[in-house]
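Okay, so chain A shows up in both of these, paired with chain B first and chain C after.
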Partner chain A sequence: MKNALEKFLKIDRRLIFLALTVLLFAPIVKPLGLPNKNLGKDVVNIYNYIENMPERSFVMLSLDYDPATRPELHPQAVAVVKHALRRNLRVGIFTLNAGATGMIEDIAARIPKDIAPDKVYGRDYVIMPFQPHPVAVMTQMGINIYEIYDKDRNGNPTRDMEVMKGIKSVKDMGLGICITGTAMLDYYVAYLADKNKFPMAGGVTAVSQPGYGPYLQTGQLKGLIGGMKGAADYESLINDVEKGTSGIDALSLAHVLVIVLILTSNIIMLVLKYL
Partner chain B sequence: MEFLANLWNSFAGLFTVTPGWMTFGGWVAAGLTICLFSFLYKDNPFFKVAEHLYLGVGMGWLFQVYLFQTWKPKVYAPLMEGQFSVLIPTLLGLSLVTQFFPRISWISRYGFTFIMGYGSGLVIPMEISTNFLRQIGGSISPFIGATGPWDLFNGALVAFGFICVLFYFFFSVEHKGAVKKASNIGIYFLMLYFGAAFGNTVMGRFSLLYGRFDDLYKYSDASYFYATHVVLGLLVAYFVLDKLVLSKKNGGQEPAH
Partner chain C sequence: MILIKKHIPLFICFLVGVLTLGSYYVPNVHSENYLELMNKWENIVAGFAFLLGLMSLFTSHFHKISRKAPGWGYSLFVYVGFLLVVVPAVVSGGKPMIGPDMTSLGWIYRFVFTSLSGTMFAVLAFYIVSTAYRAFRIKSPQAFVLFAAAFIVILGRVPLGQMMWDGLLSWTGYQVTDVIEWLMSVPVVAGRRGIMIGIAIGGIVTALKIIFGIERQYMGKD
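Right, the complex of A and B next:
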């Protein structure tokens, strides 16, 4: 008995990888449809904020993530774009991360297809080009946005666009949301939101989510979408099932495996120590 | 620059996205993902190739983004329009490159001086305001704006934890008596934070893994000519063959990794 238990504690780690692979892969092949019943309060806050914005308000969406964090952050971005366009808000997509341009291409291609086919580029939404040196860009966005973004990503002048009507700086915008896997949201809070009294919200990876608690408590962030769970919550709120929701099955199963392994190993350790 | 842009456009034209290229892209994505995951079994040449490709492709992507989305519109285009003032930041930026040439590396100090001065002036006031004063205010405000007993308890708990953690990091007083007790309670608050952060990290990593598996499933489709199955099969065959060859060479003993 003791030998068997000791053997279990020295199990080949590759078997755990295999078990994890099976548990994560199985729901992709055959979705289980496990419910997502606990919606995060901070996600609901962003949803409510957007719901209460007057029509044609401007939402600045800064997508600052690259392929490495795509599974967590891309569903968040898609859900927020869908919600804002459905609410008939104007959306400006920005990026200060060179690796994000490919992800933005995907959203740009999807808006006329399935996200919001009735919306018109230049009237309802605009996509700005990548800009380096985030802090300098943010500082300028608080003064005169056209000093930096005088042209969109296709080289068209932005001043004349209907979507930019009445917008001179972020002070004329209704809300800013930064979705990022880096510290970009911290910069936005410090250099744009606090400085210009600009309402800011964020979407971040699950890893960095707990670190933003202080900003939420002080109201420096109006809300926060954290990881794939946050994306799933947002999809539930807008009644639109996408990658975030489908990932919940896999995450739930994988978490069960981790809990079972932690409990089993601890029980075995106790048994070996005291019995 | 115009010549480079034209050259790039002609080159990029060869890669206009067609169904054939999408399939090829699927094979590359599935192949590289599986090659990188193969490290979980053991180190192998396919993992090394994928690892180096990742670095190379990443650098290439960043280079072209900076060249065409920064240098062209922010330096080349204004210069062509006669705005020579952009030469000042451009030269300051270029001065940083002299770091690679020891004899003239002193020139880079001008660029760095500007970065240091500009950066400090921008960062220090903002940090004091955003991450210091506002956070102290945030620890007090729950008491002022409390709407019920639960809010008050929540605020008191946060403030209590905040003070205890500060005691843990306060080294100018010997940790004994009441200070030691407060410091020990601070450790529990820190452990709670680390536990929550680690739980979130696990969830985040699983999400990333799920994302790759989701793509692998997509590429296992007939429209991609079963890219995932084929690459996985080839890699398994390699490992089996490797094991057999190793068994013959070392009498069944694998070299230590």
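Right, the complex of A and C next:
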């Protein structure tokens, strides 16, 4: 008995990898359809904030994530763009992360197809080019945005675009949302939101979500979307099932596997100690 | 010589540091003009920093290859990867090369970079799960507190965990979301706030040391 338990404690890790693979693949092949009942309070806050914005308000969406964090953050970005455009808000997509340009390409290609086919580029939304120095860009956005973003990503002048009408700096915008897998959201709070009294919200990976608690408590962030669960929550709120919702089953099983493994190994350890 | 190598750089650093710090708190047309100028310069310098980083990367891998250091073969892929991305992009001039609307850079981004980055990040999940089984041992009261917090947060973050809590622990009278909310808004925020204040004080002290010339590492050894 003791030998068998010791052997089980030193199980080949490839078997654990296999178990995880099966648990991740199974719900993708055959979704379990688990109900997502408890929506995150901070996600609901962003949703409500956007719901209560006057039509044609400007939402600055800074997409600062690369393919590594795509599964968690891309569904968040798609859901927010969908919500904002459906609410007839103006959307400006920015990036301060060189690796994010392809992610933005994907959203740009999807807007006329399935996100918001009735919206027109230049009138309802605009996509700005990548800029390399985050702090300088953020400081400048609080003074005069056209000194840095005088042209969009295609080289068209932005000043004359209808979507930018009445916008000189972030002080003229209604809300900023930074979706990132880095510390970019902290920079936005420090260099843009606090200084210019600009309402800011964020979307981050699940692992970095607890770190933003202080900003949420002080109101420096109006809301926060955390990880794939946050994306699934937002999709539930806008009644649009996408990658966030479909990934939540796999995430559920993986989380439970982690708990089961920790409990199993510790129970075996206790049994071995007192056997 | 000491004037050029030491005193002038220290004076420039002091002047720019004080003006930039002051501009943050003084909402004035002159301070805004100054900040606009500095922002443009910072962006230009950041662009050149990319170039400098690239040169540094190439030099370090060149030395690795020329010395035949362990794993030097991998260094070749730095050059191969760079050329595969840059050459088609330059040749095509940013115009679509693959199909009606796919540039070479777009193709590499979508089918190579995305897959590789995603794979690298996904591998983490396998190691986390394996480590959870092999290394997470509850051998002390502190480890038990960590486990209890992790148990609630991991379970409560996903629908299946919430269903399990409702089925097994509903007798406690607490919803899992309430317990997570308390954990996140009291102990986690308290710890995080302490770390943030510590980092901020450290940052302020370092900045002041640089502005007043006490910290001079950036000037090199001479």
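Convention: the second predicted complex is superposed on the first by the 275 of 275 C-alpha atoms of A that agree within 3 Å, B and C clash if a C-alpha of one lies under 4 Å from a C-alpha of the other, contacts with A are read in each partner's own complex, and residues count from 1 in each chain.
Heads up, the rule we're going with is that a contact is a pair of C-beta atoms (placed from the backbone, for glycine too) under 8 Å apart; a residue touches a chain by one contact, two chains touch by 3 or more.
Just so it is clear, the model here is predicted, and its values are computed rather than measured.
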item: Combined model on chain A: chain C and chain B, fit or clash; value: clash
item: Partner chain(s) touched by A:Gln140 [first = chain B, second = chain C, both, neither]; value: second
item: Partner chain in contact with A:Ser62 - chain B first, chain C second, else both or neither; value: neither
item: Contacts of A:Ile11 with chain B and chain C, given as first, second, both or neither; value: second
item: First, second, both or neither for A:Glu105, with chain B first and chain C second; value: second
item: Partner chain(s) touched by A:Ser236 [first = chain B, second = chain C, both, neither]; value: neither
item: Partner chain(s) touched by A:Leu261 [first = chain B, second = chain C, both, neither]; value: second
item: First (chain B), second (chain C), both or neither touched by A:Ile28; value: first
item: First, second, both or neither for A:Lys195, with chain B first and chain C second; value: both
item: Which of chain B and chain C A:Phe130 touches, first, second, both or neither; value: first
item: Stretch of chain B, among 5-13, 167-175, 221-229 or 239-247, that runs into chain C once the two complexes are superposed; value: 5-13
item: Set intersection of chain A contacts, chain C complex versus chain B complex; value: 17, 20, 68-71, 99, 101, 131-132, 135, 139, 195, 206, 210-211, 214, 217, 227, 229, 251, 254-255, 258
item: Residues of chain C defined as touching chain A within the complex; value: 24, 32, 35-36, 38-40, 42-43, 45-47, 49-50, 106, 109-110, 113-115, 117-118, 120-121, 125-126, 128-130, 132-134, 136-138, 147, 150-151, 154-155, 157-164, 175-177, 181, 184-185, 188-189, 192-193, 196
item: For the chain A and chain C complex, residues of the former touching the latter; value: 11, 13, 16-17, 20, 32, 34-38, 41, 66-71, 99, 101-102, 105, 131-133, 135-137, 139-140, 143-144, 147-148, 195, 206, 210-211, 213-214, 217, 227, 229, 248-249, 251-259, 261-262, 264-266, 269
item: Residue numbers on chain A that touch chain B, as the complex places them; value: 14, 17, 20-21, 24-25, 28-29, 68-72, 98-99, 101, 129-132, 135, 139, 151, 189-191, 194-195, 205-207, 209-211, 214, 217-218, 220, 226-229, 243, 246-247, 250-251, 254-255, 258
item: Footprint of chain A on chain B - complex, ascending; value: 40-41, 58, 61-62, 65-66, 69-70, 73, 119, 122-123, 126-127, 129-131, 134-135, 137-138, 141-142, 158, 193, 196-197, 200-214, 217
